Amino acid sequence: MIDHIRLVSIIQEIAVVIKENKELLTELDQAIGDGDHGINLDRGFSAVKEKLNGLQNKDCGTILNTTAMTLISKVGGASGPLYGTAFMRAGQIVAGKTQITEEDAVKMFDAAIQGIVLRGKANKGDKTMLDALIPAFEIFKTTIEANEGLNTAATKAAEAAKEGVEYTKTIAAKKGRASYLGDRSIGHQDPGATSTYLILKVVSDFLAKEN
Amino acid sequence: MIDHIRLVSIIQEIAVVIKENKELLTELDQAIGDGDHGINLDRGFSAVKEKLNGLQNKDCGTILNTTAMTLISKVGGASGPLYGTAFMRAGQIVAGKTQITEEDAVKMFDAAIQGIVLRGKANKGDKTMLDALIPAFEIFKTTIEANEGLNTAATKAAEAAKEGVEYTKTIAAKKGRASYLGDRSIGHQDPGATSTYLILKVVSDFLAKEN
Amino acid sequence: MKKLINNPELVVEEMLEGIVKAHPNYVKQLEGFNVLVRANAPVKGKVALISGGGSGHEPSHGGFVGKGMLDGAVAGAVFTSPTPDQIFEAIKAVNGGAGVLSIIKNYTGDVMNFEMAAEMAEMEGLEDLEIASVVVDDDVAVENSTWTTGRRGIAGTVFIHKIAGAAAEKGMSLREVKEVAEKVIANVRSMGMSLTPCTVPAAGKPSFTLGENEMEVGLGIHGEPGTHRDEIKTADEITTHLVDKILADIDYSNSEVAVMVNGLGGTPIMELYVINKKVNEILAEKGIKIYKTLVGNYMTSLEMAGASITLLKLDEQLKELLDAAADTPAFTQF
Amino acid sequence: MKKLINNPELVVEEMLEGIVKAHPNYVKQLEGFNVLVRANAPVKGKVALISGGGSGHEPSHGGFVGKGMLDGAVAGAVFTSPTPDQIFEAIKAVNGGAGVLSIIKNYTGDVMNFEMAAEMAEMEGLEDLEIASVVVDDDVAVENSTWTTGRRGIAGTVFIHKIAGAAAEKGMSLREVKEVAEKVIANVRSMGMSLTPCTVPAAGKPSFTLGENEMEVGLGIHGEPGTHRDEIKTADEITTHLVDKILADIDYSNSEVAVMVNGLGGTPIMELYVINKKVNEILAEKGIKIYKTLVGNYMTSLEMAGASITLLKLDEQLKELLDAAADTPAFTQF
């Protein structure tokens, strides 16, 4: 279980890792996009980090909703609305709650993905963050359902996301800016899939560290 | 003595040498000016070369005047009016003549310089073509007056012009574009002085070759 | 990175302040937002037009705020779609009661952020606020297809600003202005190329590198690579390639067109006119009549050296609206 | 050399053709000459204004031919003063009987070639052709002195075009228009800097090289080096340096000024506005009131990245003339 205080810690840790990887993400986006993904996410998560400082005692829904609104109003580009929507949908699942159960976590993950799909109209195989997210969610869900626990599920999810990132290298983009490159995008990993992996890795590392 | 046919040959040879040195003159002008001197003169003298093709049988005045008018209407910049004026003034001395005597040559040289000074209002030491021309004229005149002959006079004039070019490296420009550089122009040789030297060298080489 | 800036993080804010200081008769900034609106906004009873997108495309879009063109422009971070809250503020500030039309360039980010702004407007249930939007996708470099993002919006967008702006100024309704905008979108095509990359200030290094003899063809306006890389050709060859791609896309035969030769920011104006000469020759050969020509920096990519060519097929209505007076910082005509 | 051109030798001719094709309502070319004049030239009974110089400064000067500004513009080779015969043709073509004023930038070549054109006009003894000229020397980078060439003319020249052009349009006599032009010249000061060199097409390589952290300060508009080289500073520091130099030259205190932040061709417009912000702050601090601001590419050096700042001290007459309508390809105002 993740309580509201740990939730804030996790999100703030995400902000730290995004900042560390700002240049990497920007470089990946320069290759097949417009070179702002790292800059965008860092701008957004830096603001989130600050915003959450006073919110440790709020419920998980409020924390996630604040994260979402901050991302939406600070990130811009494609990733802003997408990550914003994801956090918002996840937050709706735990509105008013101060604890996130394993069951909540599966629902949140699912809702986040649905939000992204609804907003961005992309599918698996389009070379987007979904190529990291969807396989991560699938293994996360089966692992939880198999009662292997949150930590294991998160670890497997991060691993699956990493494979998803690798997979994006092999395909041409159909959605987002990289799609304009056509086959030229093959061989490059998707920046959004990469940031998704980084975020999931933070969660799994956080949970692993705690135990 | 130089007759009208040889005069045309000399001027056409000047055009050849200017073309050969187009890049050199342009590079010199890039350092302290606007990088067009070689381009300007080549454009002008190429046109002159073509124009003179049908004029071998005209008088020296006409030949020089045509050269002048062509330079004036093709070169532009500072060097166009200056060289144009020089050739025009020189031509006036031999209007209607088919031969240029030593005496004519001195007068022509003098008139050319006076034309340049009148037009450009520069003096010796301003880092212009005059720093090559004036010493060249002085030695030319004394050599002729000492009855050493046209060839020797021309050779000495070219040598003096070359020294004048060297001298321009030591001074700051006061006239022309290079003057905007102030002391930064010191160390660089003046492009216009250089083209003047090249022209005088053609004359002296031509005369030397003939004997 | 060689740039005349102070702080990459503040460059958009400082630019906007510089714009307002330069053109106080035309524009004002919404306090706390990276939004420029007409100095006299909202214009009562007129359909209002807003546009926006990442910064770095100047004079787009702030330079086109004024009589006969836009009512507001939203400036995102450099090359980054603006956020929904900013767009929403713009919508509210320009609304003069006759509705607000958003002119969106077809980028996933732009489309989504404008969409969310519209949702915000709906959620707030503002009475007296009718909104609509159009999406510009004039770039023929990318094949259109239903399963991809589709085409990009590039310089042709400025024609939407001009013509839909004139329609709004004439007193047309939101529905009518939208129809006009859609007609322009249906008839405008562009394609671009570049000789050099550009550098997003916050990134600090160029978006790509090109060899001394290479150019990128079919690229957008965000410093991204194009559809392919090629050896540099002459202006005539490049122009022919771009115009041919455009002409292959819709049938311009026997029609009258407006031409825009657009510089990407670092291109000498001299070169744009050399291109325009060839555009004229090609169109004359094909019997396509040029009704009006714009040459200049209208939709740029920071300091990128390159150009795009836009053709807009005109009918009588579009001609009249294209000719209507406009008075903005970057485009004025009697 | 990366350029969108066909042939370095023909670039000016091709550009002029492109200009005429783009703006046939504004300008026409004199056949066989690199001269653009108003489409309706000569304008009977009006003092005519011509300007000119090397090409590569576009939109100067051809872009300013039109109502309220110039009557004709003579285009030399790139960065090379035009020849007297071309200037003379321009003078004849624009002469509407009220006299012709030549606006010359203070470069040895320009001055001499215009001078020779005037002599040609005199020699031809044309009746009904009164001519006059003014020489613009607004660049404060170079110390003025009687024994040198004096200062250069740079972007401030555009203010002469605008204001003297308005005076001519108002029906003032040649003497009066010249007086107005001289008043502007006496009150206008500029200074520029650059981050990159530029390449004359026929030369094929850059005019100078700059290190990754270097800039040239106090340079003209012909790709030449400046008065000195310095480490790159922030936009604010650079602006402060340029404005300080200008303010040190004549007394602007308690006066109203027009500001021009001019791009040299390769500068993102974004950066020009960042500079303008700082210009405003400095002038506000000193109590100098800004009456009008122009920001854009007015007097360029091909693709050079850099900017110049111009201040023009105004009185009531200059304000009125600056505000007068103008309608040209590159500058239009109601």
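Which chain is which? They are A, B, C and D, in the order written, and residues in each are numbered from 1.
Keep this in mind: a residue touches a chain if its C-beta (ideal position, glycine included) is under 8 Å from a C-beta of that chain, and two chains touch if they have at least 3 such contacts.
Model, not experiment: these values are computed from the prediction.
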Which neighbours does subunit A have in common with subunit B? none
Separation of subunit C from subunit D, taking each centre as the mean of its C-alpha atoms, in whole Å: 29
Suppose each chain is reduced to the average of its Cα coordinates; what separation in Å results between subunit B and subunit C? 54
Compute the distance, rounded to whole Å, between the mean C-alpha positions of subunit A and subunit C. 32
Touching at least two other chains at once: which residues of subunit C meet that condition? none
Residues of subunit B engaged with two or more neighbouring chains: none
Using the definition of touching given at the top, classify the network of chains in this structure as line, ring, star, complete or other. line
Chain-chain contacts, ordered by label, are A-C, B-D, C-D
Touching residues of subunit D toward subunit B in the complex: what are they? 54, 76-86, 107-109, 112-113, 115-116, 141-143, 147-149, 152, 200, 202-203, 207-208, 220, 222-225, 227-228
Residues of subunit A touching subunit C in the complex: 26, 30-36, 39-40, 43, 72-82, 119-120, 174-177, 179-182, 184
Please give the residue numbers of subunit D that touch subunit C in the complex, ascending. 2-7, 11, 14-19, 21-23, 55-56, 58-59, 63, 195-196, 212, 215, 232, 234-236, 238, 259, 261, 265-277, 280, 290, 293-297, 300, 302-303, 305-307, 327, 330, 332-334
